[in-house]
Amino acid sequence: MPQPMGHRRWAIAEGYIPEESTGPEPEMLSHETVCILNTSDDEEAKVEITVIFDDRDPAGPYEVTVPPQRTRHVRFNDLEDPEPIPVGTDYASVIEANIPVVVQHSRLDSRQSENALMSAMAFGED
Amino acid sequence: MPQPMGHRRWAIAEGYIPEESTGPEPEMLSHETVCILNTSDDEEAKVEITVIFDDRDPAGPYEVTVPPQRTRHVRFNDLEDPEPIPVGTDYASVIEANIPVVVQHSRLDSRQSENALMSAMAFGED
Amino acid sequence: MPQPMGHRRWAIAEGYIPEESTGPEPEMLSHETVCILNTSDDEEAKVEITVIFDDRDPAGPYEVTVPPQRTRHVRFNDLEDPEPIPVGTDYASVIEANIPVVVQHSRLDSRQSENALMSAMAFGED
Amino acid sequence: MPQPMGHRRWAIAEGYIPEESTGPEPEMLSHETVCILNTSDDEEAKVEITVIFDDRDPAGPYEVTVPPQRTRHVRFNDLEDPEPIPVGTDYASVIEANIPVVVQHSRLDSRQSENALMSAMAFGED
């Protein structure tokens, strides 16, 4: 593979962690995930996630490292440093990396007794 | 961030607000959302949404303002000026802004007793 | 709007009409939809849909006309000329138009008693 | 059609085969699918899928052939050579072909008694 696939900057305009869940944790916990793929053969991707809200200043950056030829599926629910993401709140996110990566968004919503899913490739540009 | 991410024009070809809902409002009300992200550090995004139908002239423009470093998740259900969007009706939408923004579409359908979700990044171009 | 948004050729690699449905027709019938948006101010879009299968020659073209400033949400279930699309069968589709249009794909699956949804913007190129 | 649509390299950052299922197999088995469309009139697409994990070296390549004017909807669950994909495990995938193809991702999750769906166009580049 000649160079890593993707872009250095991605954005996800949708973002919302449902407040309730049904079913066993962690797999059926309502969650939002940003999936980051590093196709580089030898370079680690240093990724920074910034979370943008409706009515307050952004949170972050949250730092994630993705080794070469690895993927990280990061739940927004699990982000803690510098601060947790509140549930039941509209947000968006910007993902920036030092090398090209590929970014996809998904949500599992288990508020009602059967879960729902959504996914979208993020918007990438350099 | 050198310049705002995204495009000045976006289109969403899918659009439909289900007529019925199950569960507590507002969160479980069947709805369609356009999520708009403004990554600019200092410029407000002035956004106009035009809604396009199958069998009548377009509605709008609906005006939305997104401050710098903020997101707005706008439910089509809540658009009222110049006119509400009818439920149970096929539509599409065009989103135009004075600066680049990022736009994503999602739907929550709670007609049946467990909700369903879909999402797609809108189609952007300048 | 200076010129119509979108592309003249689009492809959707996913395609499958579930064989069963639960709930009132037509709205809860399991279906796949191709949503076509024509943002032109004055030109009608003449659209041809070709359906591509796993193990037989393609079907079509199916002809659809989208007037200027209108959208058409076409259910694959409803295509009849030159032949209906079989249910329970993998397929893909290519959408070609004489002017740029925007194309999005969605599915409603009501095989089980609560419906599921998916959507993706089609892949466009000129 | 002048040349095949799409790209020679695609990536899907999301990937996860749910461990449980509800309903009749094979159609309601929880699964992840990569849909590959070859719009070429006369060239077979030779496709290699590489599966990338969180904590181990990649698996593959898995070889898939798509004849001209055909689509293949390949379940990750069914990949066996050189090794099966474990369930309940985060992964991502890279799809490479000798000619341009179009690639879309979808998941059916039937862990709970009503199924959920997600889909996204893969990220393509040459």
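Going in written order, the chains are labelled A, B, C and D, and every chain counts its residues from 1.
Everything below uses one rule, namely that contacts are C-beta pairs under 8 Å (C-beta built on N, C-alpha and C of every residue); 3 or more make two chains touch, one makes a residue touch a chain.
Fair warning: this is a prediction, and the values are worked out from it, not measured in the lab.
Trainee: Angle of the rotation mapping subunit C onto its copy subunit D, from a C-alpha fit, rounded to a multiple of 5 degrees, please.
Mentor: 90
Trainee: Among all chains, whose Cα centre is located farthest from the one for subunit C?
Mentor: It is A whose centre lies farthest from that of subunit C.
Trainee: How many Å are there between the centre of subunit B and the centre of subunit C, using C-alpha atoms for each centre?
Mentor: Roughly 21 Å separates the two chain centres.
Trainee: On subunit A, where are the residues touching two or more other chains?
Mentor: 113-114, 116-121
Trainee: Would you mind writing out the residues of subunit B in touch with subunit C in their complex?
Mentor: 9, 11-16, 18-19, 52-55, 57-58, 88, 90-92, 94, 105, 107, 109, 111-114, 116-123, 125
Trainee: Using the touch definition from the top, list the residues of subunit B that touch subunit A in their complex.
Mentor: Against subunit A, subunit B makes touches at 1, 5-6, 22-23, 27-28, 33, 35-37, 39, 69-73, 102-104, 106, 108, 110, 113-121, 124.
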